[in-house]
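In the two complexes that follow, chain A is the common piece, with chain B as its partner first and chain C second.
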Partner chain A sequence: MSGSGRLSSLLIHGVLILGIAVIAFPILIALIASSHDQITLVGKFPFYFGEHFIENYRTVLGEGMKRAGGGAVGPMLMNSFVMAIVIAVGKIVISILSAFAIVYFRFPFRMGFFWMIFITLMLPVEVRILPTYQVIANLELLNSYTGLTLPLIASATATFLFRQFFLTVPEELTEASRIDGAGPMRFFWDVLLPLSRTNIAALFVIVFIYGWNQYLWPLLVTQEESMYTVVMGIQRMVTVADAQAEWNLVMATTILALLPPVLVVVLMQRWFVKGLVETEK
Partner chain B sequence: MHKRVTFDNKLLPYLLVSPQILVTLVFFFIPAGEAVVYSVFSQDAFGIEINFVGLDNFLFLLNDPHYLRSFGITVFYSVAVAVSALIPALILAVLADGVAKGATVYKTLLIWPYAVAPAVAGVLWVFMFNPAVGIVAQWLRAAGIDWNYKLDGDQAMALVIFAAAWKQISYNFLFFLAGLQAIPKSLIEAAAIDGAGPMRRFFTIILPLLSPTTFFLAVVNMVYAFFDTFGVIHAVTLGGPAGATNILVYKVFNDGFIGLDLGSSSAQSVILLLIVVVLTVVQFRYVERKVQY
Partner chain C sequence: MAAVAFSAVRKSYGNNPVIHGVDMQIADGEFIVIVGPSGCGKSTLLRMVAGLEAISAGTIAIGERVVNNLEPKDRDIAMVFQNYALYPHMSVFENMAYGLKIRGFSKSDIEARVKRAADILQLDPYLARRPRELSGGQRQRVAMGRAIVRQPAVFLFDEPLSNLDAKLRVQMRIEIKRLHRELGVTSIYVTHDQIEAMTLADRLVVMNGGRAEQIGPPKEVYERPATTFVATFIGSPAMNLIPARVQAPDLFELAGGLSVRLPAPRGAAAGTDLTFGIRPEHVALADDGAPLTVELAEELGADTIVYGRLDGGQELVVRVPGYLELNIGDRVGIQIDTSKVHLFDKASGQRL
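Coming up: the complex of A and B.
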């Protein structure tokens, strides 16, 4: 590498680090704010960590913003966690089963079902807000985990992903297990499911984040505080915080709300990248 | 694409597809159908009487200045979010592709914002730009800018655009990086030997070869801004001030749940539905199956 090459390489690293710093800046600010008491944050922003870090997090987790009428964040995190897990597992189970049926069987209406699932790509919650809400209300599923999760577990992309993958599985495997006398479910359990492990892992990461980050749907379906998820709970705190200025507690909640999905992405990076690329195909 | 070897069973395949089909019918098709039905009826103020009005709800919307304004705002907002999320991502991806060591570290440090919920991203930005206590608001004021996004519509728009674009940069970065890594290095080296400088190489070789990825990402980003950033708007501006950030998706919610105007909200849903159909068709028909050179 020539001298100018080294200089430009230094410059490239410099710009990259600057970019990362700018992107991470909001998180740094939130972390700092969550370590101070309420009064410190009122004046000029303090560019150092305060001493109230543990105290603030303990407060929001245990009792929430009591003075401002905000609920405890502990149960909200629990609700978010249940919601994300149920949606992820549910989506994977119903998608892998329907993909298995569509690829490995010939039956009337097979392509009809396939197109029905495909069309749901075009029906995001946002365009059918009111009627979907009414369906849930009529089924008396408001303020329940079922109402929170069931409408979100149907997925065209997950079904596609499994279908595409099953189509690449060699026919010899199917033939061999048929010669061995294995029925379809046996083949599914012993051959197809083990082969799908990486796809399932990749999909799990993507769908977990999708479930955890849901906002509009929980906003509609939950009216009882005991059912709030943390992502939607924050918005209520902001509205209150503006009047009460308890930004230290709001920022502590924000950190708690973004930590689980961010950890999943960072720790399962390989699956995450695979899932992101595959589901967009 | 069909399997040669299949299983014979009359009942089993139906059992296997039934959970997916049931959920799809109850929560997708029936509500979407109802939206279409409601969109041609009108309800009186008390919700007692319901009349068939044909396409009146649609005609009303298309002549309603509020709706048209919201439409214009949404288009501007989507394009602005896409551009603000694409350009930094492209620059970072080109740089990361060029480093010999540490590319994976940069990748890890750049992808995590994808996992932050739009609403949470909104709250992070609200705090930085809060007129009273926000650090960036304080800087802006020190620089002589009269910053108050709660009163100034343009400032509110800028804030929601940045908050929405911020978390989308990582997504674009990943796809740009994959696209760049698929470009044969020999091609770029050949250009370098011919005497083309880095800028020239970027604009005449890399950018054209990257255009399928760019087009794909542009569509995905527009769809994201259109439908997935409800949380940003709801957490940051509630569509205000004075409707300056009232994007279509927020308006459907607001008119349906706050305003309780069933007919209009449903007609708006149907229009959104048509937009999704168009965008999906564009995505499937005209967007290249990504980075295959």
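Coming up: the complex of A and C.
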């Protein structure tokens, strides 16, 4: 038992270490690359950190890559952050309310609405991107936070998730609160919302990262540099015409773009895991 | 506190009737137990009082008010659910205080009431805990506390002890009884457990298929069951029901050939078929009685339940004192206590 236990434990650790290495190695490369100057990175790759770390980060945050026509990363990060937060909060608010309506109220065509929401699951953003663009353009919402976030807020997945969760809340709880004298919104606020908090946390993490990583949509709706997000910023830095891409700065930007999602995951980890594995009842 | 009156209360889901007209007057402070097999409509009836199910026809009045169209919160009732239905994210205190908070009671008022309820239910040490940190019995006490603090006119219990283990169930049963004596609040209690029904009830309502088959004090229901359904539902093991025929004005012949000397009910001419009922505890062993072959003996300790067969093939259950040693295949003589016989109409099952 102990022999095979040691072997399997070794195997498990081997696989885990391999997995970590596969994920961590690119990040290490990015970190190392972001610590050298541009010349060092041409044609070869150093194995250890250079001396331009702080300088590089100061450059991208403050002035950006002037030569490549890239703006400062600071405002981009800000844009990305606003977009991700608005999308995450908006998605959660909208979908928890629609799930509440669908599960707890009897209104005409209730199931019809549910299926309409459900069917949109099958349509990813990319499929409806042209008509959506047309609508946003006609509403003159290009180059605005509203245009950046509004089309991404409606979410069938989140609505569905909350619906499934609400269905598991025992009916007696609803009845008990009715007898206690709570109206529908009071019940929502006092009972349903607190019970959903782990779900909300898990969803927040997922949706925040989803919003942060949006690429195609921001690329379409923003033409002004002041509205660029960091993910599209990186892309613009790489595709420079008639010049060598400044990889050291690109890598510094990448590392910066990586930080907020990581921070969100780390801060919400406890709740996130709870929301995924535990059904608290 | 208030009386509750049901008049011709009906319930149907679409075209599917589930309650077929219940009439009942519950006196102020009375403890009523509604008992019946699952699907008989007992919970539906309770939920109609609570306002959780609409009343299809007829009226339910609590006190002087007809409550048909009132929201649950306006009916002045409190309900205890089978699975407790405590708010999992609130402490015991908050669970009990929630209804009062919504109704706008002052903080000190809430505290005093919860404190008093916690005292009655011995929940003081647990007020800060979450429901999941409590045992089943404690959770059920919190659920009762939530009902008590509201000081409602009527308590509604929906199989509150079904999720508890046997020992706790007995303990909580006694506690509910004591609570009712102390508070004197009109209570309606739904259960399928006949021991709970017999011990708790001032009056018992035996329901079957959406009808109240019999309403009366437990002892009366036991001693004079109105129908064969009530006869077999109340009492464990169930009453023996044996097809019988009137032979002469004072002679019955039971299926299996056993003859019993007993005055026939009025209007039952010789040749009438009816159902003859005798409880297992009203059959005694007697050396010169009708012979019975023992097929199974369940030794419960205090007494032994004998499942046997008469020579004519009729099955019969007999309760005998526990000190008797009986084995499968033994032959014993039995004697029916003719003063404890119940006679029912064969077709309708009504008591004769």
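Keep in mind that, in the parts below, the second predicted complex is superposed on the first by the 240 of 281 C-alpha atoms of A that agree within 3 Å, B and C clash if a C-alpha of one lies under 4 Å from a C-alpha of the other, contacts with A are read in each partner's own complex, and residues count from 1 in each chain.
Just so we're on the same page, contacts are C-beta pairs under 8 Å (C-beta built on N, C-alpha and C of every residue); 3 or more make two chains touch, one makes a residue touch a chain.
Just so it is clear, the model here is predicted, and its values are computed rather than measured.
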Label the relationship between chain B and chain C on chain A in the superposed model as either fit or clash.
fit
Can A:269 be said to touch chain B (first), chain C (second), both, or neither?
first
For A:251 in the superposed arrangement: first (chain B), second (chain C), both or neither?
first
Looking at the overlay, what does A:142 touch: chain B (first), chain C (second), both, or neither?
neither
Between chain B and chain C, pick out the one touching the greater number of residues of chain A.
B
Considering only touches as defined above, state whether A:110 meets chain B (first), chain C (second), both or neither.
first
In the superposed arrangement, does A:178 touch chain B (first), chain C (second), both or neither?
both
Figure out whether A:85 sits in contact with chain B (first) or chain C (second), or with both, or with neither.
neither
How many degrees, to the nearest 10, separate the directions from chain A's C-alpha centre towards those of chain B and chain C?
90
Classify the contacts of A:190 with the two partner chains as first (chain B alone), second (chain C alone), both, or neither.
second
Please state the minimum Cα-Cα separation between chain B and chain C in the superposed model, rounded to the nearest whole Å.
7
Same chain A residues contacting chain B and chain C, which ones?
175, 178, 280-281
Touching chain B in the complex, chain A uses residues 9, 12-13, 15-16, 19-20, 23-27, 29-30, 33, 41-42, 44-45, 93-95, 97-98, 100-107, 110, 113, 116-117, 119-124, 126-132, 134-135, 150-151, 153-154, 159, 166-167, 171, 174-175, 178, 183-185, 187, 209, 212-213, 215-216, 219-220, 231-232, 234-235, 238, 242, 245, 247, 250-251, 254, 257-258, 261-262, 264-266, 269, 272-273, 276-277, 280-281
For the complex, give me every residue of chain A touching chain C.
170, 172-173, 175-182, 186, 190-191, 194-195, 280-281
Which of the residues in chain C end up touching chain A in this complex?
50-52, 71-73, 77-79, 81-89, 98-99, 102-103, 146
Can you list the chain B residues touching chain A in their complex?
1, 3-7, 9-10, 12-14, 16-17, 19-21, 23-35, 38, 88, 91-92, 95-96, 98-100, 102, 106-121, 123-128, 130, 132-135, 138, 166, 169-171, 174-175, 178, 216, 220, 227, 230-231, 234-235, 249, 252-253, 256-257, 262, 265-266, 269, 272-273, 276-277, 280, 289-290
